[in-house]
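By written order: A, B, C and D. Residues from 1 in each chain.
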Amino acid sequence: QELEKIFLSKIDQEIKIEPKDWMPDAYRKTLIRQISQHAHSEIVGMLPEGNWIGRAPSLKRKAILLAKVQDEAGHGLYLYSATETLGTTREQTILDLHSGKAKYSSIFNYPTLTWADIGAVGWLVDGAAILNQVMLCRTSYGPYARAMVRICKEESFHQRQGFDILMALSKGTPEQRAMCQDAINRWWWPSLMMFGPHDSESTNSEQSTKWKIKRMSNDELRQRFVDMIAEQVKVLNMTLPDLHLKWNEQTSHYDFGEINWTEFWNVVKGNGPCNKQRLDARRKAWDEGAWVREAASVYAAKRKARAEKKEEKQIA
Amino acid sequence: MTKDKLYNYTLHLADNALMLAQRNSEWCGHGPVLEQDIAITNISLDLIGQARSLYQYVAELVNNAATSTPPAGGGGREGAKEATEDSLAYLRDVREYKNCLLVEQPNGDWAQTILRQFFFSLYQYGLYQQLLQSTDATLAAIAEKSLKEVTYHVRWSSEWVIRLGDGTEESHNRLENALEELWTFTGELFTPASYELEAVKAGFGVDVSALKPEWEQKVNEIFSEATLSSPPAGGGGREGAVWMQAGGKEGIHTEQLGYILAELQYMQRAYPEAEW
Amino acid sequence: MTKDKLYNYTLHLADNALMLAQRNSEWCGHGPVLEQDIAITNISLDLIGQARSLYQYVAELVNNAATSTPPAGGGGREGAKEATEDSLAYLRDVREYKNCLLVEQPNGDWAQTILRQFFFSLYQYGLYQQLLQSTDATLAAIAEKSLKEVTYHVRWSSEWVIRLGDGTEESHNRLENALEELWTFTGELFTPASYELEAVKAGFGVDVSALKPEWEQKVNEIFSEATLSSPPAGGGGREGAVWMQAGGKEGIHTEQLGYILAELQYMQRAYPEAEW
Amino acid sequence: QELEKIFLSKIDQEIKIEPKDWMPDAYRKTLIRQISQHAHSEIVGMLPEGNWIGRAPSLKRKAILLAKVQDEAGHGLYLYSATETLGTTREQTILDLHSGKAKYSSIFNYPTLTWADIGAVGWLVDGAAILNQVMLCRTSYGPYARAMVRICKEESFHQRQGFDILMALSKGTPEQRAMCQDAINRWWWPSLMMFGPHDSESTNSEQSTKWKIKRMSNDELRQRFVDMIAEQVKVLNMTLPDLHLKWNEQTSHYDFGEINWTEFWNVVKGNGPCNKQRLDARRKAWDEGAWVREAASVYAAKRKARAEKKEEKQIA
């Protein structure tokens, strides 16, 4: 009880919880779940964008996209490390993804069908992610918060790159403009779903808010996102596919239509267009990489043994 | 006339970098370990960077020579606009690419990718070192900038060759298989194409045949540390020697390249009027 | 207005045939037995033939409707020449293809190819039988001509389903895996797209949802002879039911299609001015 | 000796030798070697052309090409059957190919790099093959001769299709014309090599001629080919890459330059651009098809057993 008091008072005083500090089991579990889910999202998120690396329409765009997807791998690394500070291993965390036990953001279960999708993913998906991540820079668990600070810097860069892709399309040929609008139409609703269910339906939210893991509610973040995008889309001379979208003078926010929650839950359950494909791709990479990882660790052991032998000799 | 030689020579260097970048980038998101996914992507990015500098230089040469007839494979469409890095990278057909056969070979498994990178980076290292002395200031500058990157590529791929060769039995065998797959494509690196000979004569190019002894020595060194059998003597009619394939640098490729191009060029071909 | 419906409807039928033909043709020269290499190629040829008849009809519709605005995805380039079977087959981008998801799935192993063919041919058989009654004489004629071919495809693929299912343990397991891979794409066959609903109303199209019971019965029959477990109940929110993917018929494809197009379209895209 | 006399007298009288007839061992061996080599050439020959099925530039060309490659599979079947009449199995014959023991025509070790290659292969490679095959329609071994009659009919069709592809290119854009000339340049010399070494260097020829397996010499056939192609190339408004090619009034034949025999022997030895690739592709198809062939034979056996059981029951 004493320990819990200390823990809660730290939370109260906005002192970060660190790996060696005592923390409630549920806090630890919640964090492991959330951070690993976040890590998996970075890794699985490489796939839809990776789909266009080979076909990027210019060398410059190819380099930017490649670097971006690489950044996501880096984010995955930071986050897997953060989960390891909570007493799990990267391998176990990854196996939980492959077995379907751990989730990742459902948005990555939609296919990238045209080049414009790469722009839309950057603008909308990274845009939604950032709002969440900015909030998480102030999360109560130290390693997570620090990982988020690093990630946020790169992520806002990504969002601008995504917007830039769409900007070029919006100024382009009629085919390019159509491609741009089409991608926005397909990615808009799934992006809104990224913030999760309504606050009233969100099971984990309350406790997370108390522990200052979360610092804003799903609906608050979603509203912020809509307000931001509804303005930016004007710059593109495009529209969002929502007839209910309208500026509300009273609330000083945009009103918007209701999300198709059946689709949301369905994709979460594994029935999105690409759930199987994404998991299969990750499992394949992992399984086909097994011999490489094994060779590396056997070699490292050999080397160490040799070095020790040498040392012994030198001492002797 | 010098412009023409310079054009082909530089295009050859650019195509090498682009094709290997394209191949390596297929690993992005599918690597065996996250750290190595990042590493191979890094190499890919370096190579794209090199390709871009080189293509930009070629584009400049082509556009400045606009008064004389443009060389074949100028990469422009009919009624040509100006050449750009992208028109050069994306708008030629298979016979016009001048990359060596090695870089267009499929990724295969990690061992094959590693060994391809090792052979190529080691070659590129020797090449760029010599290119520092090029009478062409732009080429020398590109070489200088690239050399730092390539130094890292050599180190990284050498370490992996050693790790796989001296790792498990499986990794050792896979590396031996990769050797059997790829060795035949290494001879071409050191057999100068017509434009390379001209480039040497003109003073701006590197005599690739002279790079061979050092390359072979380094390969043997690393192979020995990796407990791999020495690669067989290359080339020619020598008894027991492995035949060395060639042709890529003169545009006679393996059937692989056509498929790379279909993917690489899709957008530029499908939307000829568009800017991206 | 009827022309537009007819256009989309016919294009959908053509795209189905073309994509499966393209996939099957990847086996040519690589089949497990010479006789079966020939058989799968035959099916591919039949499907190309069907696709050609259908595209030719669409081209006719487009060209005759030249006074009215051409429907989206007319397949012509800017400043459009006349539509042809090839402009329709080769010059649209991924969002304009209306084939179902099933036919664009990769070949996988022989079991997967067989099962894909079985599911599709059985569907096509029911479809073409109904299409014989189409108020559109051209569609009815194409259906009649194709029905003979499809009858053979059904027989051939059924026999192979039985052979593999009731063959060895390995072949049985592979077929079960194929089922897990493909079943999710079968629901779309019987869920009408907007233009299919309109086509039924207008009298020239087939109500695909009505084809389902007979299709399911035949599948169960063959599966039982093949000693396979019955496929799970399809569709909707039913507990334990497999989710059915959809979208292809409205142009929302899997990521597979982009790669098919890159290869399929290469020549037409790279040489826009050429006749072959 | 009596048997050999009968055999030779049949040969003399142009009576076909049939499977059940006595024949010298060497005759049988020569035939097995030659027919299986011919069969393998059909099968391996599917690969370079198969390389362009997916990318054929029009639906019509795609269908024609697909049908053509399929025909080659059919020819392979006829020829494997012909070897079986000589007491080998198809499987053994195929394994000999995969082990490198049996050869196939070296021409298929060159890559098809552009669509024009498909035309050039049809025109030149099939053109060269036909001359050989027409001769073989009168070969002394019955099943081989009859297979050849069927094959020849289809093959001459293929040659015309190849020529037709080049014809379209030769009337096309400058790029198409360049593509056409380039393909002719690359395929011309390898086609000439298809007729084999000079008569003076040809080890098997003499005995084969006595037995009327072969009825024309390598050099005779090659000359016939050159005379034919040198005329046809004019129709295409293209040239053959041989400075020595010239009509000779005295001989009423075309003179032509010397073949690069070093290249010829090198490719025969396995060092052509695609030898490894071709054999790997064939081995892969065979190995990956093993479970299919096994399933088919197990199923056939089950079926047979069931039928017999049923029959027994009915009888009982």
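The criterion applied here is as follows: a contact is a pair of C-beta atoms (placed from the backbone, for glycine too) under 8 Å apart; a residue touches a chain by one contact, two chains touch by 3 or more.
These figures come from a predicted structure and were not determined experimentally.
K.L.:
Quick one: which chains contact chain B and chain D both?
P.N.:
Output, common partners of chain B and chain D: C.
K.L.:
Could you tell me the distance, in whole angstrom, between the mean C-alpha positions of chain B and chain C?
P.N.:
That pair's centroid distance is 41 Å.
K.L.:
So how far apart, in whole Å, are chain A and chain C when each is placed at the average of its C-alpha atoms?
P.N.:
The separation of the two C-alpha centroids amounts to 36 Å.
K.L.:
Can you check how far apart chain A and chain D are, centre to centre, with Cα atoms defining each centre and the answer in Å?
P.N.:
Each chain reduced to its C-alpha mean, chain A and chain D end up 57 Å apart.
K.L.:
Would you give the residues of chain D that are in contact with at least 2 other chains, written as numbers and ranges?
P.N.:
55, 175
K.L.:
Which residues belonging to chain C are in contact with no fewer than two other chains?
P.N.:
93, 258, 262-263, 266, 273
K.L.:
Graph shape for the chains shown, where an edge means the two chains touch. Line, ring, star, complete, or other?
P.N.:
Graph shape here is other: it fits none of the named patterns.
K.L.:
Name the touching chain pairs, please: which are they?
P.N.:
A-B, A-C, B-C, B-D, C-D
K.L.:
Residue numbers of chain B touching chain A in their complex, please.
P.N.:
18, 22, 25-26, 28-38, 41-42, 44-45, 48-49, 51-52, 55, 85-86, 89-90, 109-110, 162-164, 166-168, 170-171, 174, 263-264, 266-268, 271, 273-276
K.L.:
Could you list, by residue number, the parts of chain B that touch chain D in their complex?
P.N.:
93-95, 184, 243, 245, 247, 252-255, 257-258, 262
K.L.:
Which of the residues in chain A end up touching chain B in this complex?
P.N.:
43, 46-47, 50, 53-63, 66-67, 69-70, 73-74, 76-77, 80, 115, 165, 168-169, 172-173, 175-176, 281, 284-285, 288-296, 298-299, 302
K.L.:
Could you list, by residue number, the parts of chain D that touch chain B in their complex?
P.N.:
Residues of chain D touching chain B: 48, 51, 55, 111-114, 175, 179, 182, 186, 266, 270-271, 273-274, 276-277.
K.L.:
Along chain B, where are the residues that touch chain C in the complex?
P.N.:
Touching chain C from chain B are residues 78, 93, 258-259, 261-263, 265-266, 269-270, 272-273.
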